[in-house]
């Protein structure tokens, strides 16, 4: 038998939960609320990770006042050591770098989301958007992987340490990062929850239900679409930054279609259009991920020849199919939208009685 | 006096089909104008052309002397032209109240950076809600404010659609068969409501309608379309007794 | 075009274009058929090819080396996996009239399941990267250009299958019924076409053809659980070049995609130093450009009798 450290497992699950929540909330805003099928989620998540790859290799040394070393090729080891030394000894530089990474990632992803939305307006059929985003995400991944100097193509960049790297005790270090990711997820949740019950949310739900009519009622739906794509993309990119920091690596191989599917499963599982559902989906997938890893170890130690990772994907597919067929609204179905105005009307009616 | 809405030589081709062929008509301010014709005569297409949801092939649409021929639907609405649809196109998954509040113009809370800060838009929203109460009282739907639009009866849906248009404070209302699929008695009530819109709010109306017996009671002037062309026009009495109109319309 | 391309490289790449293009055509025709008849963009389609390749591999490993038997095994396994995914997944979903996105997600899930069942099996029996064991003989050699007996097998077989499929669609009663479904399902039902049966046959046909394509592929390269998934975007690009509706457009599209992946990239590499690592990006770029600027694909360029109306 292996010993499972319950504390460490809980910390790693909750950290993943925070990161996945950012991703699922962003997809829920785009698809659940506004009806935009973003099958290119991996692209926007990867923008966050690539940004981290660049800031950690180019910006961090500058902030610490030392000269940057080219991160790829023969100087790779030296550059990695430099990063680790700075992150361990200079928390200020680490935090400034982290903050700027979030800022840049959000700005770039938001701008890309906004632009992509406008470019894809000319698509003839609605579902082409799904296809273009899916394929666009893979294209960018291949181009980034091909560009040697960008994030070191196939090797990727390691030693992308989380900002609390300087804390000596590994348990407290992990705990602090968990709190950080949960805090960012909470912010995203509160934002999207309030958005949902605002006039903006109302307009987006109108857009989801009937685009033509919403345009006919004086709404600039192209702008609204682009705005929600920007918001969703920047949240996804923040998730991407944390994703990279959590594993410590930036590698193009992580941002394949399967990652997009993971996020879709979270939203479909939790409940399309319901932010709490998105959180629940993220939690379930985080737990599943972690236990799949533990299960794989247990299975291998038990001498089984079956590779657990494969079984995980089969299970994943089956869950998705089961949900689509029997619980299409998810575990927590969307509650109906009632904006603040209802309270006002209730009061008016009450007063007139 | 220049008419509120003026169409000059409108034409619309769908592939090889000419749905609207050289139609010119005028809608004076404060009038109720009827637009009639057999199915497929191009009436609904004409409404779409004015509202900007279909691009025109040639011709010109002037609204309050401004050329709106090439404006998209949202701009047309903002200028003061609202429209209803033949099949009620409500937001069926929203409450009656949210259906009404959505079309209100220039809402602060519709901008993503204000939306999460409730304080920045809640006063505005409350004012809109009070305006909605007025409109709901007018169409007798006030006590349904919290009902999902999909749970309303057919006649209530028609009324809600008109009420929703009013929230955009239009000068001109385009209605496409406002009584389609509604019981005759209720159809008459709907037209009474429509007449009050003109009398109380000064709204001008262009109405496509098949129930001529009701339309002729309320309309000031009627245009008749047939096969995409304008067949006849005139005051209600003239049209009702026009031999050609009777032939294409009633087949006698 | 190949001004600066060494002639030997050019010839090799053109041979590859024909070989790969024919296989793409076999699979892409299936995607076009499923899309026009069933209104389903099936991202699991390439997995039927992988399943067929594994069926062929297992039969050949068991000692049966008769190519016909191998192909039939591949056809049957491909056809069955397609029919099962229809009956178990797509049909119930279609009956509930779900959105396009639900269907896309479901097809991804089906693909995931088939792929990782094959992975588990391949892992358990150690069947990674094996070739279907038909002996290789060199028929023709000229510099780097080598034509084996497999080339003599793959290209004619796929061309003949494409031809038979075209005939079937245009001349047979089943083909007529499929086209009726593609045009208007409700109308087809009203005039008494057995819609469900035609759909089942369509699935068997497209799955079987994909299976054969997978087996033919396994003859020239190695069989791996990821081989279908790796080709799905190229195959989709071909179908999209056919406007997802035109048969002739899809076939032409398949060769266009294969040509860009083999010859054009080589040309760019030799002349402009474009890294060959960018090769996978080609079908992606084709899809994006076509969907944005020419959603009807190549259809208008080649209006022919073989087109499925939409």
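Here the chain labels run A, B and C in written order, and each chain numbers its own residues starting at 1.
In this section, contacts are C-beta pairs under 8 Å (C-beta built on N, C-alpha and C of every residue); 3 or more make two chains touch, one makes a residue touch a chain.
This structure is a prediction, so every number in the text was calculated from the model and none was measured.
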Next on the checklist: Tell me the shape of the graph of touching chains, choosing from line, ring, star, complete and other.
Outcome noted: line
Checklist entry - Which chain maximises the distance between its CA centroid and that of subunit B? => result C
Checklist entry - Taking each chain's centre as its mean C-alpha position, how far apart are subunit B and subunit C in Å? => result 51
Next on the checklist: Measuring centre to centre with CA averages, how many angstrom lie between subunit A and subunit B?
Outcome noted: 44
Checklist outcome for this item: When centres are defined as mean Cα positions, the distance from subunit A to subunit C in whole Å is 33
Checklist outcome for this item: subunit B touches at least 2 other chains through residues none
Checklist entry - Which positions in subunit C touch two or more other chains at once? => result none
Item to check | subunit A residues within the subunit B interface of the complex | outcome: 190-191, 194-195, 198-203, 205-206, 209-210, 212-221, 224, 227-228, 230-231, 336-342, 344-346, 348-349
Checklist outcome for this item: Within their complex, subunit C touches subunit A through residues 41, 89, 92-93, 96, 98, 100-102, 104-106, 108-113, 115-117, 119-120, 123-124, 233, 236, 275, 277-278, 280-281, 284-285, 287-288, 291-292, 295
Checklist entry - What does subunit B use to touch subunit A in their complex? => result 51, 53, 72-74, 77-78, 82-83, 85, 89, 91-95, 97-98, 101-103, 105, 107-112, 114-116, 118, 121-122, 125-126, 128-130, 132-133, 142-143, 145-146, 148, 164, 168
Checklist outcome for this item: Per the touch rule above, subunit A residues touching subunit C in the complex are 31, 37, 39, 119-120, 122-128, 130-132, 135-136, 138-139, 142-143, 145-146, 153, 257, 261, 264, 268, 305-307, 310-311, 313-314, 316-318, 320-321, 324-325, 328
